[in-house]
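Dropping the structures in below, format is structure tokens.
In the two assemblies presented below, chain A is common to both, partnered first by chain B and then by chain C.
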Partner chain A sequence: MTETISYAYAVARDDDGTLDRALSGLPGVADASVHLVRAGHRGELVVAVSPVPEQDFQESALRAHLEDLDWLESVARAHHRVIGALAERTTVLPLRLATVYLDDERVRQMLDARQEAFAGRLSDLTAHTEWGVKIYVEAPAATDRPAAPPAAPELSPGRAYLSHRRAQRHAREDAYRDAEEIARRVEDAARHHAVDRVQHRPQQGELARGPGENVINDAYLVPVGHAERFRADVLRAAEGLSGVRVEVTGPWAPYSFATPPETEPTRRAAP
Partner chain B sequence: MKAADGQPPAVDRDPLPDRQIALIDLLDRLLSGGVVLTGDVVLSIADIDLVRISLRALIVSISEQMPAPWSTTASPVRDGHDG
Partner chain C sequence: MNEPLARRTGDYPSRAAAPGGQGSSANLADILERVLDKGIVIAGDIQINLLDIELLTIKLRLLVASVDKAKEMGIDWWEHDPSLSSRASEGSHSLAEENKRLRAEIEALREELPAADEEEDAYEEAEYVEGEGGEEYEDEAEPEESRPAPRRTARTSRAGRPAPRSRGRRRDTS
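Then we have the complex of A and B:
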């Protein structure tokens, strides 16, 4: 007899009442089926919700779970799966991971109270998707393979080593300089198409996938009609300089843009 | 399923498929994006940030100050403008 509470995924607009179908058979967090809680004059504003075991989402349990990478991944993938299914059909406003209410009635009250703000942001985001742009420096780190001096017979081993290190360092400096140049070009290219940008922290650590060091990790909000050109132009901007790689991810539901710009001081809107 | 080459398989009708998405790209968005609401069972926003930081510590070995990648390594050594 597990008590359940309501996990809320996203706010969306369900103008033609077909959104239920997008969710049928789709497993949410904890494999529960997902349903819609409605508000608005005609019930057109919805929150996607599913029951989750209360004991897993109480504050202390949740805090511990969020430190568990496997648990976090399964919740994150489920959260994303639901948002993806919604985003296929309508504009969505993703909620932060692990937004939980005592029951559906509390979700309805929340939705009722914020209808206007949600509706406004949803119309801002209509027909826009998020794209990720990551820039990597691929030059070898100075600490990689410290020895392996080229055979230069006129140099002593010590001087050969130093000369090798210097060459490495210069290659790396060049790569960073090229990365800055590429970052500028990419930004210019992106700005032609995007209406907003959010800068995420560069990715590091075990989960960061190389090769290379991630130095730019941006998200752009792009009108759907510009998506192809955005992608093509950004990738083209990266051509011609070796040692720097640009990766474009997406389309994403507008996770990074769910909150309007003025409440996020760290981000800069593209003009 | 192919992973990480950005080209979804031809049979995949889902424009936002989750299989090939890197967890770290997802976590960037799920832990720092999305609408933040005060739910009934809450970690406050600050707590979520703490979770983020300790999680980062778990998966990253976080340095005291995460330096901007440019500032340390791209030193202002400029020798000309060809490039």
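Then we have the complex of A and C:
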């Protein structure tokens, strides 16, 4: 009896018609099963869709839900899970979270209207995956204050403290300098393999708690054949300097590259 | 056609436990960053989406980005958006309240964040007597302040191809 509307995850290409199988048994948002809406003359362009309760995605309900990090997390993970399953089989263009249509027919209309643009971007992204590269500075934090100053018998306690502080500060400066150097090396290494790069904001909030301060948060678009070397070379670039950590995540579906670089943002465009 | 991602991931034994982007154990901040801020934006049939996702993105940035950055992004963007102020004039009280609440939240967070540093500075100034040392220290403590304003979207910070840059001026490269 609950009214449902259609939640769209991603546009994908289903060249051999096997994509349905990749989705079978996979729970989407609200644990609903995911199906494909097709367009294109051979039906090879698809949008992965699942029904969601209308009441949860209406204006007021959605607003309330979005306040709820648990709700958001479960929707985000389901969204990501479906996109990941698609990306294991084919090229995908992820849609932003909570792209919702009244029914599948409306999804089909959207797909029909944009199929050329979608097909173009899909072929650009074929056999590429996204890799995240984050660089963290793990310098001794300022809050290490209570650490005992190194024994320096010739100094008064006050001077010993100051000299300790200075050393600490220099360590931080060194770490940032090292991070810069590593960022350069990482970039050089990545450039040999990647075809595109997007710089994300460094993660600094509550959810991003990890050792160190995130100073670089980039995404690279890497041809599948280069993925291993990309990862190895990037990690190797980080070797030898302490106090700086490089983290590589992926492979991701090409979230950061779904919209072609040349086109104007489509945000706020009429449906 | 493509080799399945799972198999590619399988080549990295060190990551087997957490296959980065694809696994259910992927870092929530990484996932939220992508599913909310990246991907194709199409207005669906529920028009509220754009507004809510914008608000959500801002809230998310309070979580995964620094508060200052959220503010630099233009936390009050909806006040200047005609399509949204018309919504507001429909008597959307809750939006105004939401707005107010967000502002209060930001204020609170802003006060919270520098507090630790100020405390540190006081300590620093009291004991550290090398002229401008305290200020220099402050810069180190909050390196993001010396960076240019963050870009609003991934698109704007996209480089045609990876290009050289240094940390301090990295946003100027595209």
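In the analysis below, the second predicted complex is superposed on the first by the 259 of 271 C-alpha atoms of A that agree within 3 Å, B and C clash if a C-alpha of one lies under 4 Å from a C-alpha of the other, contacts with A are read in each partner's own complex, and residues count from 1 in each chain.
Convention: contacts are C-beta pairs under 8 Å (C-beta built on N, C-alpha and C of every residue); 3 or more make two chains touch, one makes a residue touch a chain.
This structure is a prediction, so every number in the text was calculated from the model and none was measured.
Contacts of A:Pro251 after superposition on the shared chain: both chain B and chain C are touched. Once the two complexes are laid over each other on the shared chain, residue contacts for A:Val224 go to chain C alone; chain B is not touched. Contacts of A:Leu62 after superposition: both chain B and chain C are touched. In the superposed pair of complexes, A:Ser50 makes contact with neither chain B nor chain C.
Using the contact criterion defined above for the overlaid structures, shared-chain residue A:Glu73 touches chain B and also reaches chain C. A simple residue count on chain A separates chain B from chain C, and the partner touching more is C.
Of the two partner chains, both chain B and chain C are touched by A:Arg172.
When the two complexes are overlaid on their common chain A, residue A:Asp15 makes contact with chain C while staying clear of chain B. When the two structures are aligned on the shared chain, A:Gly84 is found in touch with chain B and with chain C. By the touch criterion defined above, A:Ala127 lies against chain C but remains apart from chain B after alignment on the C-alpha atoms of chain A. Chain A residues in contact with chain B (one complex) as well as with chain C (other complex) are 5, 8, 11, 57-59, 62-63, 66, 69, 72-73, 76-77, 79-81, 84, 87-88, 93-102, 106, 110, 130, 132, 172-173, 176, 179-180, 198, 200-208, 213, 215, 219, 248-249, 251-253, 255-256, 258-259.
Chain C contributes residues 1-6, 8-9, 11-12, 20-22, 24, 26-46, 48-50, 52-53, 55-56, 59, 61-66, 69, 83, 94, 98, 116-117, 120, 123-124, 127-129, 137, 140-141, 143-144, 150-151, 153-155, 157-168, 170-171 to its touches with chain A in the complex.
Against chain A, in their complex, chain B makes its touches with residues 4, 6, 14-18, 21-37, 39-43, 47-48, 51, 54-56, 58-61, 66, 69-70, 73-75, 77, 83.
Interface residues of chain A, counted against chain C in their complex, comprise 5, 8, 10-11, 15-16, 57-60, 62-63, 66, 69, 72-73, 76-77, 79-81, 84, 87-91, 93-102, 106, 110, 114, 126-127, 129-132, 142-143, 145, 158, 161-162, 165, 169, 172-173, 176, 179-180, 183-184, 187-188, 190-191, 194-208, 213, 215-216, 219-220, 224, 227-228, 231, 248-253, 255-256, 258-259, 261, 265-271. By the touch rule above, chain A contacts chain B in their complex via residues 5, 8, 11, 57-59, 62-63, 66-67, 69, 72-73, 76-77, 79-81, 83-84, 87-88, 93-102, 106, 110, 130, 132, 137, 172-174, 176-181, 198, 200-209, 213, 215, 217, 219, 248-249, 251-253, 255-259.
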